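As structure tokens, here come the structures.
You will see chain A twice below: alongside chain B first, and alongside chain C after that.
Coming up: the complex of A and B.
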């Protein structure tokens, strides 16, 4: 052994050790940590935000599925009273074409396999969970720390043995749970996930809108302990594949959009404009009634489990759970990510404890993979049916044929005759699992339904409006500069490096970045023309200051992308 | 390890809190008293050592009974295991010298005697920066007390409780700011620089820090249970040597804020000039004897 080796060995011997390190305190990390702590596993949880939830965004409806082996209230008994907003018992989808709308009640699919479903805001939810997790894990000798960013895996002789961090010394562990969400730096470091293909992701953008609880009850016609979900699809998003949502919270609304990232980039659509399109749509006026007070604007990538849920989400001591493993299910319009993260967290903990009991902790990963399969989680995330139908239905010829069919008078007659059938089809979890990711399903079908079956959108009569202010043009959401102004924090050193500044390589980020826009100078990405040797070149420049860490440019631009250090960067108050 | 942090209350100079009369004099009655901000930095240094090595942190002050709240503030916002207030009429209106004598006596009455005494850099009202160094000097003047080395302008600190030593980084401001590393034996007296930055590089330390912060906020709710008040009799101090009577400083006048034209005369003494330094010591020695 050389001196250098000896010094190295002494150093590793000095590293702090915990039985388990959980990276990330979202629902996946919280579930894993609670389940580990309950089995007396010494567990350390590391979260980069100033507070758990300060980095997180969801729609968000959290489901407790009857078939799931773990649910959030099973692991955290007071969850619903203390950390969620409202039980959501009504669920509708509005198919829109121009000024016509056809609404289907999706009650059946919403309640399918559902024990309960609540709306949540992530800052409140995650910070409450984190307090419980800290109490539970502290008893094991570990605990939960915020403002610590894990920046990579600690390896010894090529084996993963722990994590390295920006703020604290490296830590060794027998189990490393990467619950670090979408754009998981650990999954990337381990070579399990990459951020290359826009086709694998959705981009979610959301506004939290202030609304008095009584007004919510009144305008949505719900009980104080009830709530509603409304989804929007059809031609209101400039042909971009995806849809909109509106969920009622205690004293606010969550209104947002979720689009396929490839479609968003291909159309060069501006996410904030698509959101504004929804917010100012006459359909929303029945609830907003000319009043609009935006508390927060936020955005984040969402993995599409059908394409990226890792079939074998582990490597050595490292187990991936939740978004980090791509376990985010878009079941037609229903988005299920948080519940699967919880289940995966629980299963990862269970697998480790079982493996340890059998005397070989290194088997945890295999056991975890098996549990995901045997508990039916993998089948939900990557349905065989989708895999089978995808081959045909995402084929262009089939699409064109389908469009022709549905556009023809014959198709319309069929649709009219089959109105009940269409609603039933939307309510079929089986069919939703097969829905192909095409313009046909997202735009053509809903628009056609609205055209053929829809009624004109009812205009509100301004005379009964509670407030006779100048609301006749509907609401006016804040412009991008104001939204950014409310979200700007110290990001520390730039956490994203633009590797290729040519417009061809990175130009897509100028529009796809939710805080940048073509011909807008105040965002992250700017489009510039420079003269070199008399030749004009189109390039992009990057300023990370307004970044809200959504992850989009990690995929659509040529960047070296990392999260900011612990406690730095954007801080969501609602999430 | 026993660490004592010295603190004092100062008028809350923050915008919206501080009140001045028409002549620009501070209105003490209308201005809330808060813990001297630099002392919080000293307390953070003490907390850092407790997190790393365990032990007790006491917070000590000399002042009117109202200073209880200053001590409570330190306990709540930073940390303290227990609080000591040296307070009675006889101690009132003390200058830095009389204060140092009183505090030195208070420190020597603590059980166990502190291994480390930490003071903040300058108070927000007096701006003298004397009390810390003078308290150390009092220790040297009193043979019954252990000698303490004095380390000022400390920006980073680490105690080695086994070796009974302390290593500190000092910010030495000359033409260019330099960082000097010094090592000394315990017991010692440390004055923290406003740039002092506590650091916790181990998860275990951060977890312990979190525990201690939770405990101290809880303890601060019922801080009276952790407070000891001593008057001059408890400290066995002769009233002639403390308070106003024991203070050699004469305040010739107070310039109103904000227009404060400083026209004081000062004799510049070079610390390298032995003769000049001797003259200073001669002048000070008279007071050391209590004259």
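Coming up: the complex of A and C.
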């Protein structure tokens, strides 16, 4: 509006319209927006963070697969130079039992179908992508807006026609790409995803640890333009099903742990303590050498694509990509999410443009679904082999039998005889696709491998650094209060409502929430006892101030869960 | 030091501020402050782009080609087009054609110049012509409804005289609101500049409507008005849409008034407060003009307009003078639009109207010596303007202010074993001092504790100390059962003396306390209270701490 005619005229009743609205500026949203803009589709991208990447966390490896129709550097040519940390060409898994460890080189599985693989920190990566996306989409008459939270779908006569936002008026669009992450409110509004079963999710927590680039090169024995990834499994984690990882960044390390949420909840384990268990393990001391400066603590929920990757991730004009559609492949040491989000984003754009060319944009969803299948994405996310073997291998009786077998002298002899075979098994994408999700494969097998084949962890000699007080007990990670204190932010109005405050309904959140803990008053969820008429009741109370928006409590507690408004809430600097 | 410290401002209101700075060194200093401080990318981009603009302007002056001298052959077509666009002298343009024909003789270049000549001459010819023939809209579009057809001021009003900048001076509880004072100050500055620039002395008119506002009219003059027009009536005690709108609009068209000899005000400026927003929209609609709402700056400048709806002839550009430029944030400050309110053939858009976000302009210092004229507006107010009756009103509580007390007693989750007794003990201790208040940690306020009704009212966010609550610096801060997370610490660690009571000797708060009492607050607080009541000094507490 540039003159009084327009300023004085009554607002038109119709909402603003774009050909495409992309919700969320992570890799999936960025890929979709870039591919749409290149096809001259008028595209508006809405991001709720103060900056793209400020809400985003990942373990930290992004792959470019040879078989994938879209890669991040294909869509954004200077990506690797400008936005990633280090190329990661070494990949190991350490099987741990007590102080014994057996290391396998996972070179083969890491390089299988891999064009390249880089470590990334999401704030830097996503904000770089967002600048490119803004340039591209602006050409089409759209652009990228930050600090706008999309809070639901706009419907007319029951049909999805656009999105509604906290900050701005509703927007209509012919295509809505929900790339709003693992806690996608759009996917839930559309009834495509739910938060019901802890079984469907992993929870990851991560620390970004400061380390000078030269020290990284030296301690990991990598070139200045090289990097390494290490995975950890075995008995480090008090029997909770999951594992740990360590990736080298340019001048930091990403060290984290990922657990099955059902196991974490059942064991009443504290995620931050499990992470500390890894950080303080003698195995890590070979790289940390008593020095530890944590830049950031973060957490996120991870969908288990084997169970929740939606086979038909669309409804009307709404297409889901990336975590929002459960497109996160975690099969043993194969951990790939961002690359699938990029592919899905590209395919969603492609599907829309093709459907429109054929004269019926409403067919975009079906076309997208077909492309996911035909390009092999769905088979990677939900392997048929897993579906076939799950019923048997996740059965408890079979598990116990397996455990008994592998613990027997006979089993140990077999392992010894087949040492090479075990390493090969870890390197087989085919076998990994059917790895059952049980304690057996996460804990029992790796522990047994370490017990039988492992060697004692070499203790670092303390002679030359005896003046460092920390050295006595290895490193000392910050406590939860300090970790939360470093993540201070304005959360605005409480965005999570506790529907049932009884300990039975929501008590699991006290431990499972990565910023809460038993007997800790500074977290989101606190265990409390109240006296009413002489009777004592055990309840939980909620303060959303320290919330890092991981979504765990949406699954394990009885809540009404939403994201904070645009620009509010946690702001990750590393991600 | 820089005049504007970016770290003290939100991004949304920095835009116009930064663009008002012309000194590159100052901008560099601001950029440095931002980098050392919050380091917000959009802010840095904003400052950097301002620096670039200024550098380009500075560099551009040197490099600019002089169309009178230049050899057109040295310029690319694009450069040529850029140069031609800024030339208004037709003779010079004709000369340029000659030089181009003698040189490269590029068709593209010649077309550029011819178009430019046509644009300029077309405009000039219009002044001689009558312009397009006026056809009333009812005749032009007989098939449409014309709901405004009976309004005198919509069509056919053209070329009237407009003068002065009018400022609505809102009052609350018998005082001028700050937002109106800010606008008066800005209006003074704008109209002084206006006089310098155009040689016309026009006035700042303050408009006051209410009950017993005559005194405030004098105050409005002290803040920069040349004349204050007021309407007093006890029925105008509280803001009501109908009478306020009617009175304001009548003032604007009060052709009987002797002090004025013009049709309507040139500019109308309102504060974008709740009432100001309502009134601005109603008044500007009643006056059949436009409104730019929630502006973040104002300036007066000419504007070159090519929109044929405004110039009357497609292809012509026309310069409009004395246009109020009204920048306002769009998309939550993501972009700025500058709104102009411009006449068109056969219809004037005056007054040019704006409402301004409170706090946009600096609060001026009043000058009680300033002289001006106070005019009482004369109009009978019909009863049916007052059909809406205000039966009840309430002022929002200002809340609990914990600052400024000698002592703060703050309670944390250590009261969890018996929350009600914990609060009682805290209140007892508060009562033992002459000037103390009760504070709470966020953990208590967000807990599910059940409090007995006589202490329940104390449990509110108004008493929260810390990052999302109040920041206090009393002489003595007593923290009982508070662990001392960093979010709490930022709200109290400037206190002179900090005394912590906690069962956990490892609690973080120990690290920034002057005295640490290891113990159960349910035992320690009563003893502290007794000690204060006996000794009445901090020294008495030291006795307890040493126990």
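Keep in mind that, in the parts below, the second predicted complex is superposed on the first by the 555 of 575 C-alpha atoms of A that agree within 3 Å, B and C clash if a C-alpha of one lies under 4 Å from a C-alpha of the other, contacts with A are read in each partner's own complex, and residues count from 1 in each chain.
In this section, contacts are C-beta pairs under 8 Å (C-beta built on N, C-alpha and C of every residue); 3 or more make two chains touch, one makes a residue touch a chain.
Bear in mind that the values here come from a model prediction, so they are computed numbers and not experimental data.
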- After the chain A overlay, clash or fit between chain B and chain C? clash
- Note on the structure: Between chain B and chain C, the one with more contact residues on chain A is chain C
- Please indicate which partner A:509 is in contact with in the superposed arrangement: first for chain B, second for chain C, both, or neither. neither
- Message: Per the contact definition in the header, classify A:169: touching chain B only (first), chain C only (second), both, or neither.
- Response: first
- Message: According to the stated criteria, A:142 is in contact with first (chain B), second (chain C), both, or neither; which is it?
- Response: first
- Message: Let me test your reading of the model: by the given contact rule, A:18 touches which partner, first (chain B), second (chain C), both or neither?
- Response: first
- Item | Shared chain A surface residues [contacts with chain B and with chain C] | 145, 148, 167-168
- Once bound in the complex, which stretches of chain C touch chain A? 40-41, 284-285, 289-292, 307, 309-310, 331-332, 334, 337-342, 344, 349, 352, 412-413, 416, 418, 442-443, 446-450, 467-468, 483, 485-487, 508
- Interfacial residue positions of chain A with respect to chain B in the complex: 16, 18, 44, 46, 134, 138, 142-143, 145, 148, 167-169, 171
- Task: Would you tell me which residues of chain A are touching chain C in their complex?
- Result: 1-5, 7-8, 50-51, 127, 145-148, 167-168, 481-482, 484-486, 488, 490, 501, 521-522, 526, 528-532, 539-543, 545, 566
- Enumerate the contact residues on chain B facing chain A in the complex. 200-204, 206-207, 210-211
